[in-house]
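Given below, in the form of structure tokens, are the structures.
Each of the two complexes below includes chain A, the first together with chain B, the second together with chain C.
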Partner chain A sequence: MTPPRKLSLKQKYGAYTRGLDWDPTYQKADDIFPFAKYEGIKIHDWDAWEDPFKLTMDAYWKFQAEKERKLYAVIDSMAQNNGQLGITDARYLNAVKLFIQGVTPLEYQAHRHFAHLARHLPGAGLRVAAQMQSIDELRHCQTQIHTISHYNKYFDGIHDFTHMHDRLWYLSVPKSFFDDATSAGPFEFMTAISFAFEYVLTNLLFVPFMSGAAYNGDMATVTFGFSAQSDESRHMTLGLEAVRFLLEQDEANVPIVQGWIDKWFWRGYRLLSLVGMMMDYMLPKKVMSWGEAWETYYEQAGGALFADLARYGIREPKYADVAKAEKGHMTHQAWGIFYNYTHAAGMHTWDIDEAHMAWLREKYPDTFAQHYEPRYRKWREQAEEGKRFYNDGLPQLCQVCQIPMAFTEVGDPNTISFRVSEHGGDKFHTCSDGCKDIFDHEPEKYAQAWLPVHQIFQGNCGGATLPEVLDWYHINQGADNMDYAGSPEEAQWNRWMEGRRPVVPVAAE
Partner chain B sequence: MTKPVSITLQNTQDGFAIVEAILADNPEAKSNPFPAMTKIDCPGRLEIRAESVSERLGRDWDPQEIHLSVISLSGSVDEDDGVFAIFWR
Partner chain C sequence: MATASLHPGYTGPVRDRVENFNGAQLVYVHWEEHLNFCSAITLPLPPQTPFAALTGEILPSLYAVDPEWAEVDCLRPAGCWTAPTGRPIRPCRWPIRASATSR
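And now, the complex of A and B:
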């Protein structure tokens, strides 16, 4: 038989991945892969792993180089053509600030931890996929920094995002989420990040946000977002196939994986309250509401996914029903937290104008007019009297998600939801049944949480007064923080827009 | 009930050609336009055929070029010479 002249895609992929692997002879596999067994996951046949994408390293570099060329052409064009003038309104940029402060550092954490998996997963196919993902995540971090650096020349709050990420109260939400994942074992990390976060929830982070960026004239964010998202499709698929592989390998894996899905669905959902708030409150021109995005990307797409996984005995994540029931409340409560504490944030909040309120009433007919509109009207009244409300107390934080405890009981939007657990003689507070379950399952882990408010009270954050704490955060006071109304950014934007067109209110379509 | 699969593509020259090819080759596929992107939903299974995309672009299109245009997808993936499929098992 004459060998084929050209390998098929699948043969080439096999040769370039498993074909390069070998079985150790003079060292024990367990010593080479020391993290592979302690989580209790049983793998009998690594060769049963089916790679979804047949991307080999040579093709990977080719396509990634092409993506970079496209992106850098846009970045140059942005810089040369004063791209910052093309956005719909300066308020929009606050979504970009939250993104670089909160999300970009997670890309770097993901880069580091996928490099760890690329070394420590025993299967060659999964190691190659983790290797590529590690490089992807580094690329995402770098391209986000590079793209947003253009806005840093003109806007506040972007100048020291890595420092802020490690210290600010609201940024401890994404930071602690990822710290939780990277301090778990390799299989929990894959289930947490590749499956629960990337497959089930990441569409809610990137897709409506990037489409929103496009709608708001932010060419740069659209381009890095879609460039990253093209990699993300590969990551999502890896997550789905990795979980399917764990479930197929041994029945004993099913309850372990289900526990991780429950935990990380809830962790991810809580994290996404920041994103939902961006969608409903921070995009001057809006693409879809958080409620609509949740229906499209979780209820429909997730419904199909969990119906598919039902054959392995996997059910929908615990508390998915709570997320569904809260969808008319969550973003309004999150915006309320930020409005209360804008004086301690590296971004602005603002009055919700009439057109925006009309949009919110239309998108949230069962909740907005009754529960949230009166609050915004009251705040507007106070601001007009020169008494813009800032909350001088420090909020209690959830021990697990670290979000200030302002979310309400399901079905009772007038009662704050909080739960209490005891561990080692101390009381620990959580914001929901979802977070309490997570705490109670691993209290030794979450009892160690670095909670920004506790740290301030313990004197670990620069001093006992707010200005001292803000200095320690590296917040440029009077520019990075406080209401948009009266900010240097507002004055600058109005100057830029003079003679161009009337100042556009933050209005819905 | 047949579970839906979906793919979301960038509104670029290549992206538009892929969308057109999908709609022509998968009669049940429905396209939903958004700013900067198009989401295609299809019950059960969706195929992207290299031949159809190449015809529309007027050049040879390699299915791995999907990596340059895709934003998101829902379903399992099978990548092979000539065809890129999204399906539920």
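And now, the complex of A and C:
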């Protein structure tokens, strides 16, 4: 008897994807896949989908297990060797706090929604790709929690991140971003998350966080970054191939996909203001400025991508020019929000010292010294008089991105940009033309927004006073929130560092 | 345009209806050119709040930490209050932007 012939990669891929599919006989396909058509996307041939990686489940488990072994070896060694002492400065940890509060729960949401796509996409090839991505996302969520749990033993603001994610004002920004995507149809979700976020903008999230971790001695985060990186490249390819597939299937898909690209570019860009702020303000040792990262990863890489997609009739996202024009302002305005409201945040902000100011002047020669440095000096004066400034007025929020109304008009950095729409007899306020367009396109969706400030005023957040609301947020008051100066975390860090080595000043390179 | 939905004509609950605010009405205020106050603020006010209470008590309690607030005259006759539409409404030294919504 001859041994069974070994299958080629292509045959094996076919057997593990289309080979597992069948044509329904006693149920209508439309009933089995109820989400497939309502967005108006037309697919004529699901078999035209080709997974560029041709990854099958058996190979998938092998790869992932190998990566897990390496990652957990590093996490163990970090725990055994007091790895928390190797970071540049305790202020660095605030970037990690923002990551676990804001990003890790999105990994879990992505896991859930890719599982949904793995059930509901009519094509077997895409379903299998979505299934693997679903497992990836769950793994990323777990490995991030396991990695960062080491810091939770020593630092504040990490202890109840899932609870905070659902309630805190600044975390409603990433949460509502993802809720918007998961409440859309399967094709919009893929364009939003797999293409606009993971393909077009992901380098602006992952590269700064992982390089930032490496520069600042956080080896555990670097390792989970590496462990996730090979998955991310698969996700990016899925995003690009999925969009190409939609565009190739029917010409009528082009304007729909273009609309989603416009929307999700803008939503992703607004979300990245948190990341940009982290890059420019929260890393004691800087990797690159937000402005430089935007030029490298969006203007150059994105420019090439959209030049390539032009043959399908796709153009650059609407308002990409606004993002370009704002790149010298966005992160400073975002830091201003957090400085104003650190008393209500699960992390710290601080005075910008002279070395850091010099770095910002060098990276933002056209904007920083003129518009932002005077503001920081005024805040420093107030702090030195013992009156550290905290804004006692709750911010007005954008109905769409949910960020406080802090971003200014293009070309006029002294004037906040306000937009208003009317719907059903009510007025709705947005922060930009980008967010207003999104609202005006689907007002029924965004009129339902859970805006943290309005929820406080409706009495749904634990009470009418700030301490009551902070209790409801599960913020450990006096430790998780307020300025870094005078925090228990600062006192602890200085104790640790006494006699070890000098504290690294922020921005010293 | 309608939201793309499985059930055509879909609408959802508007979370910020005026009746959800326990009798208060939201007023958004921003002191222009003073971006040390990073963003516009939200004030839930009883509809019968007199303008003088807004300018004389509420806004000073929030803005007076800035010494320049002392120079603001919210009641000066030639106007610097502007609505989001750009329509001037009431005076003061720096433009203050206010918008009452029906929500």
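The definition used in the following text is that the second predicted complex is superposed on the first by the 502 of 509 C-alpha atoms of A that agree within 3 Å, B and C clash if a C-alpha of one lies under 4 Å from a C-alpha of the other, contacts with A are read in each partner's own complex, and residues count from 1 in each chain.
FYI, a contact is a pair of C-beta atoms (placed from the backbone, for glycine too) under 8 Å apart; a residue touches a chain by one contact, two chains touch by 3 or more.
Since we're looking at a predicted model, the values are computed, not measured.
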If we overlay the two complexes on their shared chain A, which of chain B and chain C does A:9 touch? Say first, second, both or neither.
first
So in the superposed three-chain picture, is A:420 touching just chain B, just chain C, both, or none of them (first/second/both/neither)?
second
Based on the superposed arrangement, let me know which partner A:59 touches: chain B (first), chain C (second), both, or neither?
first
Between chain B (first) and chain C (second), which, if any, makes contact with A:499: first, second, both or neither?
neither
Looking at A:230, would you say it contacts chain B, chain C, both, or neither? Reply first, second, both or neither.
first
On the A-aligned overlay, A:240 touches which partner chain: chain B = first, chain C = second, or both, or neither?
first
After lining up the shared chain so the two structures overlap, which partner does A:375 touch, if you call chain B first and chain C second: first, second, both or neither?
second
With the two structures laid over each other on chain A, which partner does A:411 touch: chain B (first), chain C (second), both, or neither?
neither
What residues on chain A does chain C touch that chain B touches too?
none
Partner chain B, residues of chain A touching it in the complex
8-10, 52-55, 59, 63, 66-67, 70, 203, 206-207, 210-212, 214-215, 222, 226, 229-234, 236-237, 240-241, 287-288, 300-301, 304-305, 307-308
Given the complex with chain A, which residues does chain B contribute to the contact?
3-6, 8, 10, 34-37, 64-65, 67-81, 88-89
Contact set on chain A toward chain C in their complex
34-35, 38-40, 184-185, 188, 333, 336-337, 339-341, 375, 378-379, 382, 387, 389, 391-397, 404-406, 408, 414-416, 418-420, 424-427, 429, 440-442, 444-445, 447-451, 453-454, 457-459
Which residues, counting only chain C, touch chain A once they are in their complex?
1-6, 10-17, 20-22, 24, 26, 28-30, 32-33, 35-44, 61-62, 65, 84-85, 97, 99, 101-103
